[in-house]
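Chain lettering (A, B and C) follows the sequence in which the chains are written, and residue indices restart at 1 in each chain.
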Amino acid sequence: MKKLLLPVLAAVLMLSGCTAHAELNELAIAEAIGIDRGGDGYIVTMQYFNTDTTGGTTAIDSSKPNAVTVSGSGSTIESAIESLSYGCGRSVMLGSAGLIVFGREAAYDLMDSLSFAASHYSGNPRAYIAVSETTASDILNVKFSEGNASVEKLEGMMKNAEALGMSSLVMLHEAAEALCCPTESVVLPLLKAVDAGSELTEEGSTVTVTGAALCTGDRLTGTLPPEAVSGLCLLTNEGATCEMTVKLRRKDVCLAVYGTKTKIAPSIEDGALRFDIRLSADCKVVSTQLSDPYGEREAVERIAAAELDSRVLLLLKAVKLHGADISGLSYKIRSYSPELWRSVSGNYREALKNADYSVSCDLHLERFGIMHGSGERPAANPSVTFQ
Amino acid sequence: MLEKELLKNIVNIRAVMRDSSDLIIKYAKAGGCAICVLTCDGQIDADRAANLVFRPLTELEGSVPPERLSEMIGGELLLACDEKPVTSATEVIEAVLAGFCVILIDGAETGYAVGLQGFKTRSVAQPENHRNIRGSREGFVEALHVNMSLVRRRVKSPALTMRTMKIGSVSNTEICVFGMEGRTDKRLLRAVTDRLERLPLSLVLESGFVQPFLEERHPLFSGAGATERPDTFVSKLYEGRVGIIIDGSPFALYVPKLFSENFIMLDDYVEKPVFAFFIRLIRYAAFLIAILLPGFYTALANFHPELIPDPLLRNLAAAEALTPYSVLTECVILDLFYEIMREAGLRLPSNVGHAVSIVGGIVIGDIVVSAGLVGAPMLLTVAIASISGYIVSDLANQISLLRFGFILLGGIFGLFGLTVGAFVLLVSVCSLDSCGVPFTSPLSPFSFAGMRDTLFRADWHVLGRTEPDLPGGNVTEVRGNEK
Amino acid sequence: MRNKTGGAELAAALAVSRVFAEAASLPDEYHTYGMQRFTVIVLSFALTAALCVPVYLAVKSSGGGIFAGGDRRGGILRSFLGALFSVYLLYGAAETGLRAHYYTSGTIFDAAPSEYFYLFMGAALLFAVYKGTEPTLRAALIVAGLFAAFMLVITLALIPDIDTDRLYPALIDDPESLPAQVLRETSRNCEPAVFAVLCGGSRKPGKLVIPAYIGISCAVTLLMTFLGTTVFGELVSRLDLPFYSLSSTADITVMHRINGIDVMLWVMAAIIRLALLSLAFREVAAACFVRGMGAAAAPLIFAAAGVGLAELFTAFPALSEPLRRLSGTCLPLFAVTVLIPPLTLIGKRRKKA
């Protein structure tokens, strides 16, 4: 054993130079990747962490720009990344990229572009995917100075947009899954760089989430209006929340809808696919011009349910128009009746286009807060006497 | 054989002892006979010798024949509780060197050895290692008989057996083998005794000299345990182990020892079981952190940074950007430096040892990082691993070596190297048997009965009802360690 | 031989070995999305259990491994059966090497070049074989414990991503392909052959080893399939290594993803599988072919041959294709479980007579 120890140790030390690795400080730690179409191939823009932004010994000095943006082009995404790597003089580490943005043109070839990231063994399946209204480089050239990494701000914006029902938040593995479903459809957040005089960036420009992009059959089909996106959120996410404003007697009532429950019953009627969708949710009043919304509970609930109906129908209109199963209806059909699925799966897209959809929403207005009584507001100047 | 003529015997003994300076020979007259008292300098209690031997002998009046005097010494004259006749020069010398006072009578062929050992010993004190919060503060000392009494005081039962013997052809070190009747496997006890009797050493100064002969050969781990605590020692005996205490060493040995015992402390038995479980879990985690954390860190930093959470990765990269060395080099340097400091702190006198820790703390903790030689995260990693290593103090040496090995494997070959290294270590540890009991039991081979006091510690209501047993089953075979 | 290793270690080692074949699937073993996959798994383990019955009876009757006892020099029949058995084991080792290579090259260990892969895997394997059956089985039990902890962690980490809408109430989607799928799934078990030979080294070859091995393997495989189906849905059909992708998706806060731990465990499982096959071959060789030093060297030569064949299969896929097709029919497995064990008993009885 001891005789073996020395040669083994020597071999290990001699082999030390043979294994391929890069030191942390030689890496370009990708925070976000942007993929655009350009020339005959791709232009890849990468935002990576700037290791020079250190203050003292280890703490990251967030007052300095902490992201560097570089670009490279090539006939494939891999070759574009290689050229980008030469440009920045570092080995590119893609595994930490938290956001992948596709330019509008690149989104026309989404599956090919996505498969690059999805098949890479060190890729990040939890990276968020988004589409730019213009080019991805426009989005990634906006560098936020707040926080540890520029891209964290963008991720936060997208999460907020989802919480408000303005956009959906999609991870790489979710997008890949959606594109594997029979209709190959996915809805991605749509970003836009705007010059808004923001104090969060050095140049004053910032990024906004403008809605959602619908990609169907490996193609960017168009955009969804925010109302349809909120319908999507309510339909696909159990327990989702969204805010909406309805009018009752010309007065605004802003409601927060939450705790959604959906029941989708597919069936075949006269040879056509039919979906009976029942959506129930709770809601509460966020703000209102009405003096006593709870006193008019039934009216508020009815109007709000009608608004929800219209939002879901708006979404289903897009489903019907494009034959795009963006709300996971195929899984519903299967779990409802595998037999039914077998009968429609051969021509599912057409079946969706020809399907009938009936939606009924049921809302229950709940009361929260510190006010008591049956809707009577406290007097503006209560006559309280302290003795 | 002793001769009748006293002077001849003395000449003979002095010749064998090569006129050693510590041999004290005192001539006197008792009952009209010339007698001689032989002792070894510093080995006997002078007061007791004066009162128990010299006074009765010198006060003996009248004329007594040598044979009768010999009988009187062995009978009613002296009141020592440990006395024996000696009939040869060799026996005389052995007795004198063991702290006996030997009386030879001119004209008698039999002498008498009287046990008056009274050499200076360290008093019983709290052990340096295995300190506990609640429990006895007594630790073993160097004197075998004191240690035997410490054990006996805790088990006042004839079931506790002690057998003394001598080992080491030159040192003639006294050794005591302990067993517990009805609990210790007789085959194990016999095997251990046989091995000790056949010990090929001529000089035995510490229990560590004997330890390799009681365990299977393994480059890292030991199948024999050592403890300074009498209470721990007794509990091991009660579980059916064989104990060995060696004169001159405050560390008692016991066999077999299992891997899981390194994570068990006496305090676990006086705390609530839930706390014992929690703290044992921490010890296992600390062991893994101590050996794997720096290697894992270098592997991740060099080969698989995508596994590190993003905010942490950015911090690490920012810290590494300041340092001139590679992650592996930094880790090796820091680990070696830490080992040097540890060794220096151990060997130096305690008053200088503090200086080492101050210099080490300031130099490593501050200057090295602010000078940009080593990144702060790396320093933190090595420091956490080092501190964790102290939690399992019995394995401190193994941890140091394994940590260094895993740093090299992780830094050079990444997680793949760590995987293969960990597997080889696992198989190697699993291949070790301690006196016929698998070293890794009761984890593997798994034993439900053994688990009641391994990771969990069952409540005393349960432990008290069940008979303690060696986890992993009975000793079925004792493999030798023939060299 | 010392007999202190119990049935728990053997069952755990067999389960770890079997589950490895599930995680490291080869290109033509892609998983499919659908509930039929669950049916296939359950049926294949039921079939495996049935195949284990003759093995168990033979083992019980011979009082140890099927090649244990009798005259070591053997007769022609015994040597012939031993040779057939050895070929099966060798193919199992080569396929395991192939799986391990394919798995590591497709995952984060891609950073470890192939030569180091073989060098290090080979070294670890030889060490395990050199140490013998008992240490390997004991190590396998600890690795199985780590696996259990890992499965728990990955399940907890993926709970937010699990979507039970992706499950649907159907047992059979495609009745025509079902038998072939069941046979192919069953053919991934080479563990009954290992049990037939190695159970002699365990303290209690016991009735529970086979049920435990089948039960644990089936439960873990079902859990892996459940996670893959409910997290990835249709995407699971496009993934080369679904379980690796699952661990890449699992974020446990202290680690961005746990695929590093995943790969570490699977590589250990691969070494255990190869070691079990090599040790099984040692038993067969010692009983049928060689004695003394030869018996000690046999598993080392076997392991080297297995790794060499795996490399050959990697380099020339066309070479392995017919063999894999044959293996997929389960005929070799039938031979080593239903035919060979009873025949070895006949050989022994003749000798006794």
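We take it that a residue touches a chain if its C-beta (ideal position, glycine included) is under 8 Å from a C-beta of that chain, and two chains touch if they have at least 3 such contacts.
These figures come from a predicted structure and were not determined experimentally.
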Checklist entry - What pattern do the touching chains form: line, ring, star, complete or other? => result complete
Item to check | Most central chain, judged by mean C-alpha position against the global CA mean | outcome: C
Checklist outcome for this item: So, in whole Å, the Cα centroid of chain B is separated from that of chain C by 45
Next on the checklist: Centroid of chain A to centroid of chain C, CA atoms only: how many Å?
Outcome noted: 41
Checklist entry - Which whole number of Å gives the spacing of the CA centres of chain A and chain B? => result 64
Item to check | Sequence positions of chain B contacting 2 or more other chains | outcome: 303-304, 306, 310, 313, 413-414
Next on the checklist: Quick check on chain A: which residues sit in contact with 2+ other chains?
Outcome noted: 15, 19, 21, 96, 122, 124
Item to check | Set of chain C residues in contact with two or more other chains | outcome: 108, 111-112, 116, 256-257
Checklist outcome for this item: As the complex stands, chain C meets chain A at residues 35, 106-108, 110-113, 116, 163, 165-170, 173, 231-235, 237-238, 245, 248-249, 251, 256-257
Checklist entry - In their complex, what parts of chain B are in touch with chain A? => result 219, 301-306, 310-311, 313-323, 326-328, 369-370, 375-377, 408-409, 411-414
Next on the checklist: So in the complex, the part of chain B that touches chain C is made up of which residues?
Outcome noted: 300, 303-304, 306-310, 313, 413-420, 422-424, 426-428, 430-431, 433, 438, 440, 443-446, 473, 476-477
Item to check | chain B-facing residues of chain C, complex | outcome: 2, 4-6, 8-9, 104, 108-109, 111-112, 116-117, 120-121, 123-124, 127-128, 131-132, 134-136, 138-139, 141-143, 145, 203, 253-260, 263-264, 267-268, 271
Checklist entry - Which positions of chain A touch chain B when the two form their complex? => result 1-2, 12-13, 15-16, 19, 21-25, 27, 29, 31, 49, 51-54, 57-60, 93-96, 98, 122, 124, 148-149
